[in-house]
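As written, the chain order gives the labels A, B, C and D, with residue 1 at the start of each chain.
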Amino acid sequence: MNFAERMLHIDRRIIFLVIGVCTLLPLLYPVGLAIKVSSEVRGVHDYIESLPEGSVFLLSMDYDPASKPELYPQAVALLRHAFRKNLRVIGMTLWLPGTGLADQVMTQVAREMGKVSGKDYVFLGWSPGSGSLIINMGQDLYKAFPTDYYNQPTRELAVLKGIQTLRDVNYVVSLAAGTSGIETWYVYGKDKYKFELGGGCTGVIAPGLYPLLRSGQINGLIGGLRGAAEYEVLIGQKGRAVAGMDAQSATHFAIIVLVILCNVFYLLVKTSRKQGEAR
Amino acid sequence: MIFLRRQLPLVITFVTGVLFTAQYYVPHPRSELMLTEVTKWLQIIGGFALVLGVTSLFHIHAVKIRRKEPGWGYSLVLYAGIFGTIAVGFSYSFAAGQWVNGKETINGIMTAFGWIYLNMMVPLQGSMFALLAFFIASAAYRSFRARSREAALLLIAAVIVMMGRVPLGELLLPVSGDITQWILNVLNASVRRAILIGISLGAIALSLKIIFGIERAYLGGGKE
Amino acid sequence: MNAEWGMMSAWREARGERLWGRIRPLALTLPLVCLSALASTDGAAMAQHALVSPQNLRVIDTPSEAGGGLTVLWSKADYDAPDVRYQILIGEGAEKKVVAEFAADSHYVRDLKWPWWSRPDRPEAHQFNLRSGRGLELKNGTSYTVAVAVVKGTERAETPPVQAIPEPNWVNWNQMNNLLLVLLFGAVVLGSIRTAKQRDIFLRRIPGLDAVDEAIGRATELGKPILYLTGAGDMSEPSTIAAAVILGRVAKRVAAYETDLLVPHRDPIVMAVCQEITKQSYLEAGKPDAFKEDSNFFITTDQFSYTAAVDGIMLRRKPAANFFMGSYFAEALLLTETGASTGAIQIAGTDSDHQLPFFVTTCDYTLIGEELYAASAYLSREPIQVGTLRGQDLGKGFILVVLVLGTILATVGVLFSTDWPRIVLDLFKDLK
Amino acid sequence: MAFELLLGAWVATGLTLFIFTFLYQDNPLFKLAEHLYVGVSVGYTIVKTYDTVLIRLIYEPMVKQGDWSLLIPLGIGTLMLARYLPNATWLSRIAFGFIVGVGSGLAIPRIISSFILKQVEDTVRPLISIAQGAPTFTYNLSDPSSNLNTIVLLIGVVSVLFYFFFSIEHTGPVRVAARTGILFLMVAFGAAFGYTVMARMSLLIGRLSDLIEYADPQYGRASLWLGVATVAILLLWRVQRREQPPDTG
């Protein structure tokens, strides 16, 4: 076993350690590198910015705790923006395990912005069915959600006045960690009920949503923690996402270095084997 | 009887399938009313499907405990988790002065059910997936090799996107951000679009086969 | 009665326009000229000013809708400009009121993106849709009187009123291209399945299958076992079915070479099915005695426990070849990375597109997406599988042709600024 | 600080660290946390389903608002559970027939409209644009809708579709198209790879931020103490296991 081979076979726990340190150090000692805003994120932001006061904004938080670090900051930033613009906000989720998180973020941001449940916003909670739920909301919102999350009859809520179906909603944003997310909202919702649709998603599924972005089926896309950081920059309220960007930079470079090292050693091993065979 | 058992489900599938495909093209209020009602039903039936999903898990671990298979103690932990959470979900909250009934918060006060959710379920699931960060790193070092020209292309694209998506990359190599945008918006979008078209054709073919009774796997096993 | 009859004929006229307007403009020119001549004398008699009232006013029930809507159509005029305004009026006598007002250079038919077959008027005509809501309620079956006025500074000219009745419609004509595609593709898929049942359909060889044979050969040379995973899905997923079919092929080879086979499972039903398949393969290879009941074994349903256990097997037994077929989630990387570190040949096949990048970089060969189904159809020769694959191929071929021809037509349309390519292009647009 | 918050911080930190011990090796602490995770999520699902489906969707509308038509889905749902009765399994097929039938019917036209027509519509674009009355060719790479990018997009879509073509042999021009397709595929996978790395790292950042927060004195330095305890338990387990004969299996 030569040097390159030995290097390739080092204990992987050493690499675990490297990654742990690369994440931890920038979190403890942040640098604050500048963040450039992409047009995808700007699409969502500018649309909310253009909505007049009192417009109806539906935020569907379609994720579970596994994706909390990526999508929770997005939800916070979007809700802050919507509340600041005095939009009427409807919160919900298509993912059962995400109900508690969605409830938490709605309550927290509403309290911070001085908004009242039932008057300025409503949290509908979770309901089964995904696609059929969305169709049902498009047909009759009150049939799909007879009561909100806190068992208040939805028909009596001031915030929902004049809203009968999804057609009366001005903007829907789905924060998705997988299917039953943005695509579901398009196929079963926007396709027929014609509201404007935007998306936020985890990094894993972001590349798959570009065809919808290109064709204008969604008018913007917030991708992962980086997307959330861009949104925080846009609304001028820096939070967890911006704070994580330095660590993100450090880990990405650590991975890039590791990939390069892997291939250098791989090449070395390959050439030395070839030389060995030639002899 | 044979008709009821074997043909009836297929007839139902055919009729509902054709009806709801056709519904899409019929804007008449009666057709819309049918859609409203039936999607409402599907929502409720969807809840029952969830119950179906978890029962097999109950069964597997019950067998493990009964036979005292290796690691059956962990199955007990699992059962404790299930029943503990259910008990708390239906307990009485003294702080809020009412029954919890599956609410994480009541009037802004966190319930015990919400506590379990936030302090157990959220960190557990979150950490489980955070583990992957470490494994991606070790894979990056040990096995992401440019075995072929194709794999090399993949790795180069990956490195560019990794640089272009973080502030440090854009600082060191400003052009990486633009290239990343181009890769995502043009190259990636074209491939994803082709895949999307392919998958959609597959999904439509499958749905058609189901409606016409050619594909019956969904009916599940079980003796007739 | 009279009004209804009038509306019906207007509707028929509109339908005639819809079908033939773009293809045979000549056929319509004559009646249109007559119509506009009639209307203009009418208008001239009414208006005392230089400002001429809007011409050719037609009010029809909004087509392809659930009702509660009226569509108002009138010709474009020379005075269409931002400072001139149109008003839409509803009602008669004292109850007449303005329900909408907008700049005269807006609200054209072309703005509403109708496909050519359901366009109610020529693209340059004006169109305004009246809907219930915001102080206006249009009831189905009730007759409404509508007029259009033009306002320029202090001048104003109004058309004679026209009556129309909103009705719910049974067909959404804008979506007929969608229905056409459903019928077409349905016929193709069902037809291909039928053909596949009658005769052999050609399927190209999947190169990945050669790699499978090669890996088994190498495992035999080394005298080490082969590890085969069927993924995380249950038997209802196409990828799991494909994984089971390919397992049959692998088992047959393995039986012939008398190599050890290890198939750890995450789903008890999949395990039962795979056990049967393996047994059958050993029989077919003529080695029923070499079959071991416990080569298929169940570990656990939990994602990470399963992964940890399989990783353990890889490290202890050091298989010469690892196969990852079926659907995978985040555990994919943990499995393939460990496998790669043991130096095994790794072959993957999955439709879980989020995991594909990791399979491609850590495995020696990867069946990408539909290739997995194709490999399974190629091996099983099952008519439904083969026929479906063929049907989808025809669908893809059709889309390919549309993409290429459509681009050429669209380019021609821009280059010569003509409109006729739309006859084809509109068929492949989602306009509704 | 309220007791439940403090306890919550300690429990959350402990469980996080238990999961992270998997990095060292599969061990009882990890297994404990993992099974607890599965148990708690199943319990959560059951409670939520009960509250949402039985109470909010069935009981309230039916009993309080008198919407008795909901007995139909209730009946179909119950039929589905007949799956567990050996003699009545066939009843569940009626329910599945209904669900799958409606689901397929709803999906077909919507998928055609959203994923076929919309995607084809956006791919079929003129390769020439008109600027100031004259036909021009725009080649700005950073504008996704420039003519050059339209061509690249078209080539990408067409060649990848060719790659997934199974009823003709990959020879001659088809081979060239399919080879181009695989190159496009690889770049797209590369982009996905990069994005996934980003996603996974974000998850780690999220968890570590929590741990840092819980290392604060106001939480009684939970992360530090529990970290030490976890390491100690692991070492103990290690030592104990070395004394026992290694297990086989």
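Here, a residue touches a chain if its C-beta (ideal position, glycine included) is under 8 Å from a C-beta of that chain, and two chains touch if they have at least 3 such contacts.
This one's a predicted model, so the numbers in the text were calculated from it and none came from an experiment.
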item: Which of C-D and A-C has more C-beta contact pairs; value: C-D
item: Chain of greatest Cα-centre distance to chain D; value: C
item: Length of the line joining the C-alpha centres of chain C and chain D, rounded to whole Å; value: 22
item: Inter-chain centre distance, chain A versus chain B - centres from mean C-alpha coordinates, in Å; value: 16
item: Distance between chain centroids, defined by C-alpha means - chain B, chain C (Å); value: 22
item: Set of chain C residues in contact with two or more other chains; value: 175, 178-179, 182, 304, 341, 353-354, 357-358, 360-361, 369-370, 396, 399
item: Multi-chain contact residues (two or more partners), chain D; value: 22-23, 31, 34-35, 38, 41, 44-45, 48-49, 52-53, 55, 57, 102-103, 106-116, 118-123, 144, 153-154, 157-158, 161, 164, 185-186, 188-193, 195-198, 200-201, 203-204, 206-208
item: Touching two or more other chains - residues of chain A; value: 9, 12, 16, 19-20, 23, 66-69, 96-97, 99, 127-128, 132, 135, 204, 207-208, 211, 214, 224, 226, 248, 251-252, 255
item: Residues on chain C engaged by chain B in the complex (per definition of touch); value: 64-67, 168-172, 175-176, 178-179, 182, 185-186, 189-190, 193, 235-236, 238, 241, 268-269, 300-301, 304, 330, 333-334, 336-337, 340-341, 353, 357-358, 360-362, 364, 369-370, 373, 384, 388, 391-392, 395-396, 399
item: Chain D residues within the chain B interface of the complex; value: 4, 7-9, 11-13, 15-16, 19-20, 22-23, 31-55, 57-58, 69-70, 72-74, 76-78, 80-81, 83-84, 89-90, 92-112, 115-116, 119-120, 122-123, 141-142, 144, 149, 152-158, 160-161, 164, 181-198, 200-201, 203-204, 206-208, 210, 249
item: In the complex with chain A, residue positions of chain C that touch it; value: 341, 353-354
item: Residues of chain A touching chain D in the complex; value: 13, 16, 19-20, 23-24, 27-28, 66-70, 72, 96-97, 99, 125-128, 131-132, 135, 145-147, 151, 183, 186-188, 191-192, 202-204, 206-208, 211, 214-217, 223-226, 240, 243-244, 247-248, 251-252, 255
item: Residues of chain C that touch chain D when the two form their complex; value: 175, 177-179, 181-182, 201-204, 206, 302, 304-305, 308, 312, 353-354, 356-358, 360-361, 368-371, 374, 377, 389-390, 393, 396-397, 399-400, 402-404, 406-407, 410-411, 413-415, 417, 425, 428-430, 432
